[in-house]
Amino acid sequence: MGGGIGLNHFLLLSLIIFSLGMVCVLTRRNAIGILMGVELILNSANINYLAFAHYGGAKYDGQVFAIFVIMLAAAEAVIGLAVVLAIYQNFKTIDVDATETLSG
Amino acid sequence: MNHALTLITFIPIAGMVVVLALPQAMKDICKWIAAAATAVQLLIAIWLYRSFDTATTAIQFAEKHDWIPSYHITYFMGVDGISISMVLLTALICFISVFASFSITRAEKAYYALLLMLDAGMMGVFVSLDFFLFYIFWEVMLLPMYFLIGIWGGPRREYAAIKFFLYTLLGSVLILLAMLGLYYYGAQSTFDMTVLASNASHYSTTFQRIVWIALFIGFAIKIPAFPFHTWLPDAHVEAPTAISVILAGVLLKMGTYGILRVNFAILPEATHQLAWLFLGVIGTINIVYGAMCAMAQTDYKKLIAYSSISHMGYVMLGCASFTAAGINGAVLQMFNHGTVTAMLFILVGVIYDRAHHREIAGFGGLAQQMPLYAGMTGFAFFAGMGLPGMSAFISEVLVLIGAWQTHPLMTVFGAATAILTAGYLLWTYQRIYLGPFNEKYAGYADLTFREAFTLVPLAIIVLILGVYPHAVLGLLNTSLVHLNQIVLSTPGPAVALLH
Amino acid sequence: MDHPVSITVARYIVLLPLIGATINFLAGSWLQKTFGKRAISFVGCGVVVLAFILAVRTFFAMLAMAPENRFLLDDLWRWIDVGGLNLEVAFWLDPLSMVMTLIITGIGGLIHIYSTGYMHDDESYWRFFGWLNLFTFAMLVLVLGDNLWLMFVGWEGVGLCSFALIGFWYKVLANTTAGNKAFIVNRVGDWAFVIALYSLFMALGNVGHPTLVTREIAKYAPLLAGMPGYLGMTMVTFVTLLMFAGATGKSAQIPLYVWLPDAMAGPTPVSALIHAATMVTAGIYMVARLNFLFSMAPATMTVVAVVGGLTALFAATVGIAQNDIKKVLAYSTVSQLGYMFAAVGVGAYAAGVFHLMTHAFFKACLFLGSGSVIHAMGGEQDMRKMGALRHKMPITFITFLAATLAISGVPPFAGFMSKDEIIWQAFAHGHTVVWALLLIGAAITVFYMFRQVYMTFFGEFRGTHEQEHHLHESPPSMAYVLIVLGALSVVGGLVKIPDFIATYKPFEEFLEPVFASGPTRAVMEAGIHSHSLEAAFGFVTFTMVVLGWLAADFMYRQQTVDPERFSQAFGGVVYEWVLNKYYVDELYDFAVVRPYQASCRALAWIDANIIDGIVNLAAALTVLGAWLSGLFDAYIVDGLVNAASLVTLDVGGRLRRLQTGSINGYLYGILAAVMVILLVRAMLHA
Amino acid sequence: MDLGNYASLAHFLPELLLSAGILVLIIVDLLVANKSHLGDLALIITAGALLLIALTPVTANAWLFHRMLVFDGFAMFFRALIALAALVAVWMSMGSEEVRGCDQGEYYAILLASTLAMFLMAESANLLMAYLSLEFVSLTSYILTGFLRHNRRSLEAALKYLIYGGVASGTMIYGMSWIFGISGSLDFTVINKALTAPGALPVLAVFIALVLILAGMGYKVASVPFHMWAPDVYTGAPIPITTFLAIGSKAAGFALLTRFFFPAISSLTASGSWQALKGVDWPQLLLVICVITMTLGNLAALQQTNMKRLLAYSSVAQAGYALMGFVVLSNDGIRAMLFYLFAYYVMDAGAFLVVMIVANNTGREDIGAYRGLAWRGGIVPAVALSIFLLSLTGIPLTVGFIGKFYLFAAVIRGQFYVLAVVGVINSVVSLYYYMRPIKTMFLDTPNGDEGTLAADTWNYGLMSVLACATIALGIYWAPIIAFANRSLNFFLGA
């Protein structure tokens, strides 16, 4: 690939994003924040799919996959927000560690 | 009557169903239903005994049906000389123990239902010749035992019950693994014990030894062999009288029976090489250790429990002797210990029902208040000491006379224990029944008719087998000699025996 | 002997007492309530007397036979048939067991009759006769059993009865303790005995004849010659030694004699029947019965002779210092048994059995006499409280004196015939040491016996007034028995006159066939045969007897010599020792009983705390594991979270939780897991 | 054969019925005022689906919808199992006090949707389809878990489940992307060809990818270390949903796991054992996970006092047992696993049902509510619960024992002796906590404050059926094993 941008650059990028997402998920105390982290992870995957699809000889499988991921991410976010909202209505906080009635 | 064995095994289940079906109002008659069921069982057992052909080593009254063909699991029942005596014993002890249970007043329906279930389980173990079936019965019996100890037991019943359950389950899972090993690595995939036995030579020596030891531990816990015996005293002390009777009378025998039925028959080579250590030495330890621990007990029932441990040691030693006399003596000892120890536990129960404690030190001079009871106890104690003219004498002599030829040193200890046994039994007798009368027990009734009814038959059997042991030996001899031959035909142990 | 005559009478002789026992035990208390003690006496004595009559008839029938055919077998049923061990329940009636049977049923019968008087006031009269009958049965099984296991049945059976009768008055704890002691000490002997049987069975099996039937052993015993046994002995020596060890238990020899003196706790008729006349002689009977075996083991023979001699002397010395009228007789019994063992030990089997018989006569007489004294004294047994009884109870006195003369070996009383023979045989067979022991023993015997006679019947009465007032001759049932036994003590020995007087020995000839085996003959023939020498030694013995009598006479009748002078010799130390039976009981208690009990307690503790502890430990470990897995979640997983969340939240009580509710915790968990997995993977491939 | 969209529908009837049913439910929910019969409707629909499954001939294996789904015996088994699970869940929901307060229409619609999703999960033959169905299941599960809108525990559980699931699936698709990259395809058979083809394989990459994928699938079967959501979600969700997750979702997870790890990336040898990719030693990894899962599950369960939580941990341990059949890499193992999943369905459903009955009556889920149950009018549920728990322990005459028996048989045959010993030791340990409720119900005497139990035919009926099944199948299980055997064919056709 000479000096140009190649598959490995994309993979590296996606790996970085994946890691960022992981870190975000692990450190955020706030439900929204964690969901954002999840989004990052999903998108890192998307980058992979697209990159592989582009460089590999495969048909449009990768792109299709990516589209579905985006869509499902939205669905997941919706539900997540709904639940968060419900919790907020009930106990006026969305700090996940504050919601601790479980674990007996 | 070619379904005799199915019948004898499932009659109690039928009884159980009836008992459970009874409306609460009629709970008083469930004891009689239990009695009837066990009585029928006893009759069938006697019929089997009368029509058993003692001349052959073949399986008799065999019943075989496919069960799970895809896995070669069959419903295979049958008896030979080894099991027929145990069938007889089980039927007898269960019959007796029903009458020993009449003092139970709490949740009778459940009690008798469980008792009958236990009965069926034990009977099943002795008649089943398909290893899988054997294992099912073996485990099924644990559950009623758990509840019988746990619900109707003494103060520490929960501890004793779960201890018994965990302990024996640990043993049986090892048996399960061993069973699967035998199934897969044998000449052919089967659970049929007779076939497994005929293919014994197929297994490699190392494999045999591993499986043998796994099986041994499984069975040893039931015997119970040192050092796996500690569940027994607890279980006995907490269990109600009738359950102790069954526990000591039948349950313990299943361990040694299993060793003969599985270890000896299916893994003769490993048996030949390992028995001197696992059966001989441990058996001898059982004998001496049990007797010495019994000497130091302050609880009447615990003392008897330890004496059981001691007496079961003779069975193991006898098996280890690999002589016709020794192995016959061993199985005869299983039978005799069953009857004698049943008497002992019933007798303990008699006084416990009245005094509600078992502290030996707390009694004294009971012979004046309850002469009949004292007399009966004396009889049972001397039977326990293996007094000549009583059954246990014959079996212990046979065991030792056989063991002497292969393990003299162990035999010396085994024989010496006769002194120790006399020591702790006589001392106990003196402390409880003789000497100045402890006025605290004035007004205690002597043996009731029911109690006498549970004791006298056993006493008669003890005497008959003392003067005419052939009644049982006749059953055993052929099969046991044959089994012994098989074991002896394999290469012996590399280790030098303890001479 | 290979072709015994088949009979059926033996079973009746044996079973009659059993029937009596059964009736007494099962229906005794009822009979006693409804028909009174007569019924019991009728049953109890009836069966034994009947058995005696049968025995006598059989005896004469036997006399009618040719000596070599005097072997009768009554075969009942197959007892054990396993692994080559084929045993019948069968009774073997030969001259030896005939003699024993006559003694057991005869003397036994007399003592039964005596008991009707002696035990008359006991409320559990029926129980007494039940046990007495059962004992008779067991004893008959012992002597008539045709194989050694059957013999052992009787052997332990009599032990049981002895136990029960010693502790007959069980309300007194001491009595029951004595009973336990007797049984347990006997068991020690039995231990050796059964091992002997095991080895014998195996040895015979190795030569192709596994058997324990006495006559077959006799047949095949020669095959055992030279066979190596255990502990470096030959098999025969090993076996016979162990058998003798068993005998020392049953027949109260050193070192197992300790139970017999205590056994005097039982009613006096019991002491007479069991602990003098019959049971304790079982050991001698056994040796005589197995003479063919013992004769093959010279080493054992020597041991038997020496132990016998030692016991004879040792027990006699203890007898000197006893003040309890029965204790004296007890030790005298031990001593006399020693004589018998010495006899069979040196090879004079016939003499041994002969003394067994005469001893049965006079010792029974002595015990019953003492019983009648105790009866008269209202239970008093201390001779120091007696005296001058000869006026009040002449029959007892006369018979007692006769028996005393007999035991002292004064010619022509029964004891002389047998004891003198033994002492001579000891020397004749070259056992000089044994001879010396027995000789001294004889003198001491005379001394303590006459000491007893003088203390009891002479001097002036030393008891309380009501005792004196109460003194009376015993009822006829007892008196007649005494007379019969007294008479026997006088004339009972006339069935064998010492050779230097006349060759008249029908007794010995009667027993001849029993001792016909090669080795036995050899042993018996061995030694000196000189009538003049025998006469000389007879004289020596007699002088010793006279000396013994004089000493007693001076000290206790004329009282010209004060026994105190001797008892105080050596500062009284010796006396103390003798008085306390050399502290042997204390020694055993200290060396055996206490250590054993201590170790039992220790073991029980170990069992409850360590062995069981291991099990509980396993359980504990599981729980610990659960707890640790909790810690893992709480500290490792959650800990990181808290490290991160200190800023935002109170970390509160979450540390304690097994399963934290923290989401981040989970995620950290996963991450950690993935990392670990990858690391492991990397290592695997490094 | 490779069916197009229309042709596929013939093999797709149960799913179609469910889809139709979902719509019907929603519409009816909008129309009728009395919602009390929606449950019956849902029950009928589920039963119908089950019926269709029963009627479908398993003869023709096929690729559906252009190789998106596969129709084969293996799929059939899980369809049946999941449908049964749904049936139980619906039935329980109708008898549950908790659910009665909820919006019936939505509830049942989502429940059925979840069922449909699980079907797809069991059938998916393509990474994309796998991801979609898995997410579908997840999304519905989140909603169902949080369905008790005013119950704090429920909502928290939902949130945790969701976030956890999001991360897990995210990780999974990231891993999938690598597989896609390496094999150049999403289709399982193609992947298989590509990976098993001769030539150098980027071993480490593949391994990492598999580990990441495992995170996603492992969280569905709740195996350590991806189990940590289970206790909270099981405790928080309404009991019928807990049951559904425990038996249905877990089953679907196992289906996907098996289909991916066996047909997709391993190859079947003639001897009926499976050959993993050379150098990629995920079997060892799974072996470790299996051992840790059963052990940790049991140990953690030892300390629980809340019945739902205890059963949650027990279900973790049970997953560990089932994995034993997975790691021996043989058809024996898979057969045993299938049987065990079925057995687990019967006994675990029963156990949760009894918990629900007690909760209905006493409103309590802690073990204290069971004190002396047998002696205060609850003898039937007490006996039933004992049967279920003993079955979970693996005591003979219960289906649970047979399940364990087959698992250990496979393990022994595969010569994993250590695993076998660990397994049996674990079942001994498990006895201890399974016996605790039994002890409490029979050996303890009630304080009197626990309240009594009123028998209701609806729940007791199902309970009795399950209890009888547990015993009956423990005595004669030939049909089930035959079914598992028949289901043991993966369609690998071109």
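First chain written, first letter: the chains are A, B, C and D, and each begins at residue 1.
The rule is simple: contacts are C-beta pairs under 8 Å (C-beta built on N, C-alpha and C of every residue); 3 or more make two chains touch, one makes a residue touch a chain.
Only a predicted model underlies this, so the values are computations on that prediction, with no experimental measurement involved.
Q: Can you give the shortest number of steps from chain A to chain B, where adjacent chains in the path must touch?
A: 2
Q: By C-alpha centroids, what is the most central chain here?
A: B
Q: Averaged over CA atoms, how far is the centre of chain B from the centre of chain D? Could you give it in whole Å?
A: 44
Q: Once you find the CA centre of chain C and the CA centre of chain D, what distance in Å lies between them?
A: Roughly 77 Å, centre to centre.
Q: At what distance in angstrom does the C-alpha mean of chain C lie from that of chain A?
A: Inter-chain centre distance comes to 96 Å.
Q: Could you give the separation in Å between the centres of chain B and chain C, each centre being the mean of its C-alpha atoms?
A: Whole-Å distance between the two chain centres: 35.
Q: Residues touching two or more other chains, restricted to chain C: which are they?
A: In chain C, residues 658-659, 661, 663, 667 touch at least two other chains, as defined above.
Q: Send over the residues of chain B in touch with two or more other chains.
A: Each of 166 in chain B touches at least two other chains.
Q: Do you know which chain D residues sit against two or more other chains?
A: In chain D, the residues touching two or more other chains are 156, 159-160, 163, 167, 171, 231-232, 309, 432.
Q: Would you pull the chain D residues touching chain A in the complex into a rising list?
A: 127-128, 131-132, 135, 138-139, 142-143, 146, 149-150, 152-153, 155-160, 162-163, 166-167, 170-171, 173-174, 176-178, 180-181, 184-186, 231-232, 235-236, 305-306, 309, 366
Q: Residue numbers of chain B touching chain D in their complex, please.
A: 67-71, 135-136, 139-140, 142-143, 146-147, 150-151, 157-158, 161-162, 165-166, 169-170, 173-174, 176-177, 180-181, 183-184
Q: Contact residues on chain D for chain B in the complex?
A: Interface residues on the chain D side: 390, 395-397, 401, 405, 408-409, 412-413, 420-421, 424-425, 427-428, 431-432, 435, 439, 442-443, 476-478, 481-482, 485.
Q: Hey, which residues of chain B end up touching chain C in the complex?
A: Residue positions touching the partner: 163, 166-167, 226-227, 229-231, 289, 292-293, 295-297, 323-326, 328-329, 365, 367-368, 382, 387-389, 393-394, 397-398, 400-402, 404-405, 408, 411-412, 415-416, 418-419, 422-423, 426-427, 430, 433-437, 467-470, 473, 477, 481.
Q: What part of chain D is in contact with chain C in the complex they form?
A: Counting only chain D, the residues touching chain C are 156, 159-160, 163-164, 167-168, 171, 204, 207-208, 211-212, 215, 224-226, 228-229, 231-232, 281, 284-285, 288, 295-296, 299-300, 302-304, 309, 429, 432.
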